[in-house]
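Structures incoming, each one as structure tokens.
Here chain A shows up in two complexes: once beside chain B, once beside chain C.
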Partner chain A sequence: MKKFETRVIVIGGGATGTGILRDLSLRGIRCVLVEKDDLASGTTGRNHGLLHSGARYAVKDIISAKECIAENMILKKIARHCVENTGGLFVELPNDDNTYFEKLVTGCRDAGIDCNEIPLNRAMEIEPNLNAEVKRVLKVPDATIDPFRLASANTLDSMEHGAVVLTHTEVVSMIMDQGIVKGIRCFDRLGQEDIEIYGEFVVNAAGIWGQRICNKAGIQFPMHPSKGSMVIIDYRVNNVVVNRCRVPADGDIIVPGDTVSLIGTTSKMIPLEKIDEVTTDDDDIDVLLNGGEALIPNISKTRVLRVFGGVRPLVADTGDTRGRDISRGIVLTDHEERDGLKGFATITGGKLMTYRLMAEKTTDLVCEKLGINRKCETHIIPLPGSERETLSDKQTYKSIPETVVGSTRFRHGERAYRILKGDRKNYSLSCECEMVTSGEIEYAIENLQVKDLVDLRRRTRLGMGPCQGTLCAYRAAGIFFETGAADYENAAKMLIDFMEERWKGIRPVLWGDTLREAEFSYWIYQGLFGLGNLVKETKGRGEGVVVEEEY
Partner chain B sequence: MINLENISFDHCIKCTVCTAYCPVSRVTGRFPGPKLAGPDTERLRKKNPELLDKSLIYCSNCKRCEVACPSDVNIADIIQAARCSYLENSFRIRDFVMSRTDMVGGMTTCFSSLTNCLLKNRLIKKVLELFIGLTAKRELPDYNKRSFRQWYGTVKARQHRFKEKAVYFHGCYVNYNDQALGRDVIKLLNAMNRGVIITDEKCCGVPLIANGYLEKAKVNAKFNIDSLKSAADNNGMRILSTSSTCMFALKHEYPGVLGIDNTSISGRLDYIMSYINRLFEQDDIPVLEAMNITAVYHSPCHLERLGGVIDTIEALRRIPGLNLKNLHSECCGISGTYGFKKEYYQISQEIGRELFLAINKIKPDIVITDCETCRWQIEMNTPFETVHPVTLLARALKKV
Partner chain C sequence: MKYDCIIIGGGISGLTCGIKCAKEGMSCAVITAGMSALHFSSGSIDLLGYYPDNTIVHTPADVLNSFAVNKPDHPYAKCGPDIVMEALNFLREELSEQELELCSNGNNNHFHVTPVGTLKPTFLSQKSVFNENINQAFKKNTTISIINFKGYRDFNSDIAAVNLKKHRLFTDCTITSNSIDLQDLQGAVKEAIELRSIDISRIFDKDENLHEIAERLKRAAGDSEFIGVPAVAGLENHKTVYEQLVDLTEKIVYEIPTLPPSIPGMRIDRALKSRFSGLGGVLITGDRIIGGTIVNDQVTRVYTKHHQQEGMTARNVVLASGSFFSGGMVAEIGNIKEPIFGLLVDYPKQREEWRSQLFFQKPAHPFLSFGVRTDENLNPNVQNGPLVKNLFCAGAVLAGYNPISEGSGGGVAAGTGYYAALQAKKRCDDIRKGNE
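Now for the complex of A and B:
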């Protein structure tokens, strides 16, 4: 049993948790983050990656809309390398309610979102694949954000400021003493070890899993898990975010995300027991594909890569139980005030978009409780990788292929210089779809809290391309072994977990090229490597099987 | 700009068979192979055109990857299009000159003895290498004194008297460098009671595409389609070519790379040996005399892509006494203008090495291949005479 002490303990390694960790460490407060799986492995990593302009909320939820546009402007500055400033369109199709357009324009004006109607020919120039029957188009400052990169950059910055991060470590119980939370007991799954952490304050930022954390502290905190499913298209069919101009509904948005496009989203309430095993059914996929094709007809001709679903942590206090109607507003609960339990707060609700604001509010509360007088700076200081507006001169990396330089810089921003050295490693590609070199893999294992192949995927996009790990997973497992990050048995186990995890998202869309691809993958992993025989002997570490679909 | 109509890269399942078959990536590490230069990076270029990897300029466009691909991805077309967008904004004297085969041919034919002599001069070749990057190590083809078209004027009337006729797209090579092949075509088809008609034509566009001049290639394509259509329309004539590469362009690259509709002629296009073999199979065979020689046959990459290797082999088998040996299918390395460029010369020679060794080992009396540039490459690297299959058939014709 390991024991240690800190000032603040943050539970949950999503955008909010890592955001709080960063805010705390920038304010000079010692802190520890505990995450049961990997950074951004929960709801943070399972959304469409839209950097909202706020327009989607402008008609119904003006407060959320205002929060969105404010955070939108901040993130475009502090998280440049996680954000792609694509711009966005709201398009009205022939059968859509034609009064919504005006409502949207008014809503945007009220919320301070800069929007303007553009002529149809201009819209087709911006987005050549748009449905040619579109009636009216409104341009809004939407953009896209990579949630994995965001959580990783927040963590990296926190660690560089002294914070401690424990991933794959699950909270077992709360340490309480006379109505005061004193710390947590947790279990490190990889090291197979119990850990006790003592601190002055515990922040529950576990999102939808936060309800269970509250239970461990003896508190009832009801949430409404709302499932959202998404479909990933093999490559970028659109340049900008395309929204349907109507009351938000299923399958009404297509977001370009790095090399792919995502069709989002559905909204379905699910029972709390199901949050660890989100599945996407055929109805969801149909709704999404039909919705996507209405906006960009050519989607019917492209390969569907996979599907995934996430669970929104909506708070039930309002009494309203229908997913889309519950406010996406931020809910920060001081349990001393609510339940008389000192040293414990829960932050939930909100959106990926407002993670920084949620972190700021939470950290303000923590500071107040601890009597620390330091102001938040997370809206001014850029994240590691986003330090400079323009990335350094391309010439620096003259000897490395342009595709590798471009892709690495896209993923790591300014920090790419730590990876792109004139070393052989930077020519040897492990993932040929997403241009991940062995150099990048070694960097990620060393610096970015990567414990297994699935973690590596979230940091580098390894295995997220068309072949879904067919050619890269075994190479990367080899690198884990070579660098000493895993022994041969564990390297094989991670390979099993990784392929299981990829398979979960592919299985619901097994047709066309996706089916052919899966066949090929099967030849390699079963026909050539006999990985299935290995599964009989050693089941993998089980994490790939537990982890739900993401992209 | 995303063109969703051309999304064959989406069908790539990453099996990498194309790269295993790529003659270029086999001999140099500079080219990452067709899978990476084609479908893989095409996906990245869709995201951001700046992610274009310069290494794709090493592609020789032999199209062996497309033959190997089990997913019907137009790999070489994808690479060519990306390559063109990369080369688009640069003006290179060499590429300009090399891609204007018809213009250059027209000019040099007027002074053929002078240019042939100059182009054999080592010093001049060295100067050309230094200033425009045309390798001095390669022998350049001779230019004829008179063009094929000029000569055709003397037989034109007779050709029109035949009841059955075919339109012949002779191409720049036959017109300026090898009118003997053109004459053999006429000799052979006349012996089979068919007249040969020629019509106005421009360069098929392959060298233009290879050097990045897409717009010019489109102009030529439109011209050729219109001209061939009106010539062939008269009585449903077939349109023939002795160049597997020209035929591939007319049939596939016009719609595939240039996006030009060729349906008005596409049903009539035949590589000449396919046409001849079809007639042979209907027992429409001229009298052929025995040729007691050993010949080796090299199948050009573009003919393999086009389909028709079997026709050449089958037609040649009709020559009595001919000992025909088929070489293992390999790229000779020259790939049109590719092997003439300084930066690719070494690669081109390296690719062809196995082929030259195989030919030298057999010591044939003659080498047969359908492609003009393959012939230059083989003649330069082996001591054997290399001819087009039509020439061999013409030689076998019973003397009357």
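Now for the complex of A and C:
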């Protein structure tokens, strides 16, 4: 049993939790973050990565629209390396309600979102794959954001300001004394160790899992899990965000991101028991592909790489006065006020887009409770990697292929200089699909809270490309052990976990080249390696390997 | 010209068929798009590794009969176990003509070590791969050194060593891992920053390097009796390279397969292709068959990408185009088809039934067994059409077997390829008799 003390404990390693951690540490407050899985492994890493301009909300929800455009402008500055400033289009198709376009223009104007109608030939120039029958096109300042990079950069900055981050560590119970929360008891799944952390304030930023955290504190806090599914296309078929100009519905957006494009999104209520294993039904996939097809014809003929789903933490009961109608807005609950439980607050609702604002509001509340008088600076100070450009001089890297320099800088921003140096062997590619070098893998393991191959994928895109990890996973595993980040005993286990994780997203779209690729992976990992023969139990992490064969 | 036999596909199945046809005096052509499954294989030939309940088969040659009786739709049942064994012997002989020796542990399977240190049953391995009885080969206190080459990431000696040590057979052995640098030797690509198997095999292929490589291996292995190296010990001059390594190191040296490209697989590919050409077969590489005309119960013409207009004619056609990966089968969102002739394919309509819930679930994914349905002569049907009597299907395009969960890929490829050649020969003979 390990015990230690801090000032503030943050539960949840998504955008909100890591955002709060950064805000606290920038205000000089000692803090610890506890995450049961990996950073951005929940809802944060399971959305389409749209940096909303707010236009999507402009017709129905002016408050959200205004929040979005304000945060949009901030994130384009402070999270420059996580954002790709693509721009976005709203396109009206022949059978769409033609009054929506005017409503959208009016809504955007009211919210202060810079939009303008562009001629159709200009729209086709911007996005040549667009449906040629499009009626009207409105240009909006949408962009894309990489949520993995965002959570990682927030964490990195927090740690550089003294914060402690414990991933793969699950909250077991709350430590309470006479109506005051004093800390948490948790379990480190990798180290197989119980930990007690004491603090003056606990923030529940566990998103949809936050309901369970509240239960541990003896509080009822009902949430409505809403599942959103998305399809990833193996090519970047569009360069700007393409929205359908109509009342929000399933399959009405295509977002480009890195080397792929994403079709979003469906919306289905699911029971709370299902939030840990989100599956995508075949009819969801059909709806998304048909929706995508209307915007960009032939998109469904392109290779579908994988599907995934996330769970939105919609709040059913916000305490007293607020109702369901603003349930997608930010909900910050002071449990002292609501339940008479001191030292505990829950932040939920909201969107990835407003994570920083959510963090600011939460940190303001914490400061008020702790009697600290420090102002928020997260809207001014750039995240690590998004500082002012210092590396424009290509000469620095003249011996390294430009593609490698480009990919590394794209992912790590100005921090790329810490990777693109030293021995040339550090530039050797482990993942050819996404241009991830051995050096980048070592950097991620040492600096970015990477504990296994699945975590590594979130920090570097390793295994996210066409081969889905077939060639790079084994290579990366080798680097893992060389750096001492894991011991060889668990090599097979780690590879199996990684392949099973990949399989979840591939399984529902097993046709065409995706099936070919899966056959190839299976040849290698089962046919050549015989990995499936090695491990009896594949549940949980860190379990030993069982050799069960007779020779 | 009209060939006696056109073979679509240049993997083990197509080339075994081609060599047999050529040896039988038939005029034949193999059309191959490029690489085959051999380039991604271990280079060992499986016959039957696992029973349907996933337990290991130790004596495949003995159980083949009963296995075939219980599975009448299995390709082994169609060729007959005797033909399968005859085909494997044929393959061995033809490869040894090209100085590539395949070894078996008598009629038994042997266990080859994989890149992650697991053991897999297989029937034929190259001489450089461990192929003896594993229970007798490693005594108590045996010392084994697994040695990798610096900068080569498609093999990891530490992972292999640690997992190998976990097997009961090796608990009393000392297994160490080590690595040596070969980048200063002749033939090394100096500016290479990521080494692949083929880069290192070129260093081995240079005669002048062998003494130095052996010296370094010996030093790294220390007192160990056995040396395991990734399977990159020469491609063009493999036979000499391997013999020299054993001589010079004065140790028992074995190769362990690696991630693709597979050098042992490429050795087989090269040997089969040059054997086929040497026997007068026509090898057409870099082209692919895109369609064919079927009139009544006969294929009358096939068309390649480069010869779309005139096409090619043959008395017999063998379809050895492989599985999904090779393009022999194509899966679309709601259906699965054989793309060249539109042949009748066995598969369930529901997509959910194509795969297992877990990636490593047993038995293996159903889609691995999907393929063209044939009669006992390997003749397929056109979808909603007649049996095509001069078309024979061989290898992974066939339905009715699961190469990975059964460990039967090599045996089915060679067996059905060989059997297809016999069938084609029979038809040619019948045609000639008819003409006389």
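By our rule, the second predicted complex is superposed on the first by the 522 of 551 C-alpha atoms of A that agree within 3 Å, B and C clash if a C-alpha of one lies under 4 Å from a C-alpha of the other, contacts with A are read in each partner's own complex, and residues count from 1 in each chain.
By our rule, contacts are C-beta pairs under 8 Å (C-beta built on N, C-alpha and C of every residue); 3 or more make two chains touch, one makes a residue touch a chain.
All of these numbers come straight from a predicted model, not from anything done at the bench.
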Quiz item: Just chain B (first), just chain C (second), both, or neither: which does A:R507 touch?
Solution: second
Practice problem: Classify the contacts of A:G87 with the two partner chains as first (chain B alone), second (chain C alone), both, or neither. | Solution: neither
Self-check item: Per-residue touch tally on chain A - higher for chain B or for chain C
Solution: C
Quiz item: Which partner does A:G532 reach: the first (chain B), the second (chain C), both, or neither?
Solution: second
Practice problem: Report for A:R475: first if it touches chain B alone, second if chain C alone, otherwise both or neither. | Solution: second
Practice problem: Return first, second, both or neither, reflecting whether A:F520 touches chain B, chain C, both chains, or no partner chain. | Solution: both
Quiz item: Taking the superposition as given, does A:C467 touch the first partner, chain B, the second, chain C, both, or neither?
Solution: first
Quiz item: Touching A:N129 in the superposition: chain B (first), chain C (second), both, neither?
Solution: first
Practice problem: Name the contact category of A:T259: first (chain B only), second (chain C only), both, or neither. | Solution: first
Quiz item: Where does A:L495 make contact in the superposed view: on chain B (first), on chain C (second), on both, or on neither?
Solution: second
Quiz prompt | On chain A, the residue positions that both chain B and chain C contact, one per complex | solution = 429, 471, 516, 520
Quiz item: Which of the residues in chain B come into contact with chain A in the complex?
Solution: 1-5, 7, 9-16, 32, 35-36, 40-41, 43-44, 46-48, 50-55, 71
Quiz item: What does chain A use to touch chain B in their complex?
Solution: 128-129, 234-239, 256, 258-259, 298, 301-303, 401-403, 406-407, 429, 432-433, 435, 465-467, 470-471, 513, 516-517, 520
Quiz item: For chain C, which residues count as touching chain A in their complex?
Solution: 37, 40-42, 56, 111, 114-116, 118-120, 134-135, 151, 153-154, 156, 158-159, 162-163, 166-169, 193-194, 257, 259-260, 323-325, 327, 330-334, 351-352, 354-355, 357-362, 364-365, 367-368, 403-404, 409
Quiz item: For chain A, which residues count as touching chain C in their complex?
Solution: 282, 300, 424-425, 427-430, 438, 471, 474-475, 477-479, 481, 488-489, 491-492, 495-496, 499-500, 502-503, 507, 510-512, 515-516, 518-535, 538, 545, 547, 549-551
